[in-house]
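The two complexes that follow have chain A in common; it is paired with chain B in the first and with chain C in the second.
What follows is the complex of A and B.
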């Protein structure tokens, strides 16, 4: 998700002088491919091609974040921007009438493109000019100075769950809200089994699913001292769950209804309980006592990570799973 | 007697709605007593906060104990407290009305009642978080909570037109968010701070990048506040939504985006409010005022008329910017805030009463509304009182607000703006007068047997309208003391 300004993302190139020619070539290729894929995503007249271009674009964006030395954002981009959004788009495509699926979209009228193109170019030029002159001071040093009292070793986790935890709480609220909003529109659209011509998928998923769960917990644990934490971990969990759904799994009967809704709300609830509990115990909202900071942050991370995983899966489901026939996973 | 501390009240105001919404959603039940208890508690907290701020003035609270550039601050200001108070009043009124309105919903629309309260509380929490925030990024997140909840609330009315309006609102809202976020990024890239006070101290008003950032912030918020010509999404979304939703959206959500414009331009960006910038904002306001007013005059559906009236009224509010270019800004900010408060109370009352009248008449057409008879007369009374407040007749809150702005315009010799204000007031008088004339002099018989109008459908609107009318005296007296009701935020 949108992370607050990350201290690691500032000043990528400074300090180590000129870039290696290989790096320059790589970046130029990356940039070129991204522009081509973006163009294809918007202009490909075959919808399936457009979706695939979009997924590829998401993957390359993740690579670009790696090049900008922001691995946390790269993880989120790869799992959300490419993985989950891609799965959503493909599922939508599968739900369209067959004749529309590969349909050629009507060509964009030339006349209306011109003003938009001019405006876009002008806007980009102004932005580029402004961005190049930005001093980009950032709060990196302030973050590093406060790290000893943060309770975690990773600066990104410290910003997300300590210094600016109030932002993150509201962001989790936005995600839960998105699920409620979507569910308020109607029933689960994926109730019918997706017709995917992939006979090997169920076996593969049975093999891979434990790995997804394991990696989720690894990322949660790693969030304390390196790239990782609740958002990437939740996204990975969601990827595993969505894959299972695609392979034909159903939400287990006993998980439907209240248990599922509590799992969705657990992240926001843990956040609120800790924040208000600290107000009551310490007298300041969200003020972790340094000796308990690590454990409190870990509790929030685990609850938020699991909730994020379930919330993203719920968004993929498209509606509250109803009582239909079909057993567990 | 000892009231809870200001910090405690702020924590209650921002966390209770979210906690209650999560509980309601997770449990899947709708204990009416619990939701109403939460709404009442929030209202008491807002009242107590108003009392505290009246005694203590502006206060700043560090979240997590972290100091400014690193951590986030809450800033409790008098203007923000006024907004928190009207949010609580409209929130409570809407919750009561909603409980009564969705009660008699037949069949599959029971779903509506089930998600209404969680979404309502989320919107309430987002609004409260926004009114105490003093940090560019934190405001972005609060705006997101508020906008997403609003879109979902519009989509609750599952009719096709409402869904289309919700989709359009979502796209306009996301556009606004993105542009606002761009502005945040530009300013953060320039100064490395997000806190209002820190930004105000560092901002270089001549710098091109900062100006681009200020423009982006403003355009994003103009889209969210539906200021002409970015108002296109508002009439559909507000006119087609269910009545309590329209009341929340028109009264508070649009006002929150506008309040943020006030906070920025009277706070960190105050140095940039030059003749050019102020005049441009004023011209947009004049456009909105006239366009919205004329279209309101042409509407045939009751709720669409009220929705276009919102476009027009926020055009009026935009006129605070040209008046603040030079001279004393405090009465202008006071007038602007009171204008928002008046609009929130009166417009929410108008939409709630409109919903009741539409149900009583079985039609939305103005020509087919029932007259001043039976229980519908209480709804009409609310409409009349709310109209008086919107027009700005003495002694309503609208009168005090407009009087402050008119005085400033006269003292500055700003005759153009004065003329536009009078034109706006005349237009408001015209379209509300036309509504009352059509409905009261030429009433329709209404369906028989007449639908049951429970007190929940009548009392909230009437109380809000009465408050808009009665609080004017108090606000006006406050001004006459020479004591400014709303202080400039520190650091500007």
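What follows is the complex of A and C.
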């Protein structure tokens, strides 16, 4: 069951045709709401309101990605940009002292208008000039031409895990580094204690969690030929784990030491093993032999997906998991 | 009424970046600074993907870059929020 290499790339009328008035109205409304919500997210008087505006801004951004024909990014934005970031922000807000949550007018630094306006306009002009001189077609055709040797059918997955695998390797390194930075700050503070004494939530989570795991593997499998892959899959797994934590689940005692650390490092480890192995076998870092590309990418993707899920959950916890005195069961 | 496609998205991305950068400089509250940074990041992502659509073939490279960027932005936000919570605890 394989889709053609790139379903959207050859569709005429996406590139430079004119748009229907309805589409223009929809885009205008969407983008206008995004700008207003972004402004509220930064400047709303009440901090809680600011955070909720920001979460809504993230959801609308996901719709904007769909409008821009970027379903991969829409999936990641809805789960990470709106979902997990929102949960993190709300958890942080709950930890701030009440007077710092502020229902007062936010304190601002007064800027002198003229120099900043001049600098802003000058910067925008330079950027505009640079934008207009960019080579128009970009790398779309180059990627299409290289797709047969990529080992996967989805162009975005091909770029992420084959053509620019180096970037993805470093990105997973950055995530692991963020987890290490948080762990080095001390024990978890953000979300370890169940705040909601709701009896229905644990039951619901017990019901939903297997579905989260199932969807994770579906997205991993789908990543080879359509929108999906390691990042949305990892995000979904993290969403399930975070929900379980919010319902009062704890990281099991026997998982806390080595198993957790291995799960955190698995993505980076698989990446490095494949990269160094290829260097030893072929002579070049990350040069997949085309006949093995498919299986190598699948190995990396599964390891990275699970590892990303665990790392995102660790980022949500905000520190090394510990026992909670007097917590739930 | 006819606009070249992407005009609205370019305009919105510029506005979002401006709101974010302005908020990052002017707000005193650290949590607001984090929110402003995230808004500015979204502006940059919109710009990248909109520019990637201008050719005849959809360019997957900006898509991959933005996916990477979203995850890096989330990692940054998580570390920043962790630091903010610890900072608040020290405050008398």
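Assume the second predicted complex is superposed on the first by the 260 of 329 C-alpha atoms of A that agree within 3 Å, B and C clash if a C-alpha of one lies under 4 Å from a C-alpha of the other, contacts with A are read in each partner's own complex, and residues count from 1 in each chain.
FYI, a contact is a pair of C-beta atoms (placed from the backbone, for glycine too) under 8 Å apart; a residue touches a chain by one contact, two chains touch by 3 or more.
Please read all numbers here as calculations on a predicted model, not as lab measurements.
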Touch test for A:164: chain B only (first), chain C only (second), both, or neither?
both
So, A:208: does it touch chain B (first), chain C (second), both, or neither?
neither
Of the partners chain B and chain C, which touch A:178 in the superposed model: first, second, both, neither?
both
Of the partners chain B and chain C, which touch A:272 in the superposed model: first, second, both, neither?
first
Which partner reaches more residues of chain A, chain B or chain C?
C
Of the two partner chains, chain B (first) and chain C (second), which one does A:126 touch, if any: first, second, both, or neither?
first
Classify the contacts of A:285 with the two partner chains as first (chain B alone), second (chain C alone), both, or neither.
first
Contact-wise, after the overlay, does A:73 reach chain B, chain C, both or neither (first, second, both, neither)?
second
Once the structures are superposed on A, label A:255 by its partner contacts, choosing first (chain B), second (chain C), both or neither.
neither
Output check: A:264 vs chain B and chain C. Expected answer is one of first, second, both, neither. What do you get?
first
Both chain B and chain C touch chain A; at which residues?
131, 134, 136-139, 143, 164, 167, 171, 174, 177-178, 181, 185
In the complex, the residues of chain A that touch chain B are 2, 4-5, 126-127, 130-131, 133-139, 142-143, 146, 162-167, 170-171, 173-174, 176-178, 180-181, 183-185, 257-258, 261-262, 264-265, 268-269, 272, 275-276, 279, 284-288
Given the complex, residues on chain A that touch chain C span 6, 8-10, 14-19, 21, 24, 27-28, 31, 34-35, 38-39, 41-43, 47, 50-51, 54, 57-58, 61, 64-65, 68-70, 72-73, 76-77, 80-81, 84-85, 88-89, 92-93, 95-97, 100, 102, 106-111, 120, 124, 131, 134, 136-141, 143-144, 155-156, 158-160, 164, 167-168, 171, 174-175, 177-178, 181-182, 185-186, 189-190, 231, 308, 312, 315-316, 318-319
Touching chain A in the complex, chain B uses residues 7-8, 11, 15, 18-19, 22-23, 25-28, 61-66, 69-72, 111, 115, 118-119, 122, 125-126, 129, 137-138, 141-142, 144-145, 148-149, 151-152, 155-156, 158, 181-182, 186, 188-194, 208-209, 212
Counting only contacts in the complex, chain C reaches chain A at residues 1-5, 8-9, 11-12, 14-16, 18-20, 22-23, 25-29, 31-32, 34-36, 38-39, 42, 45-46, 49-68, 70-79, 81-86, 88, 91
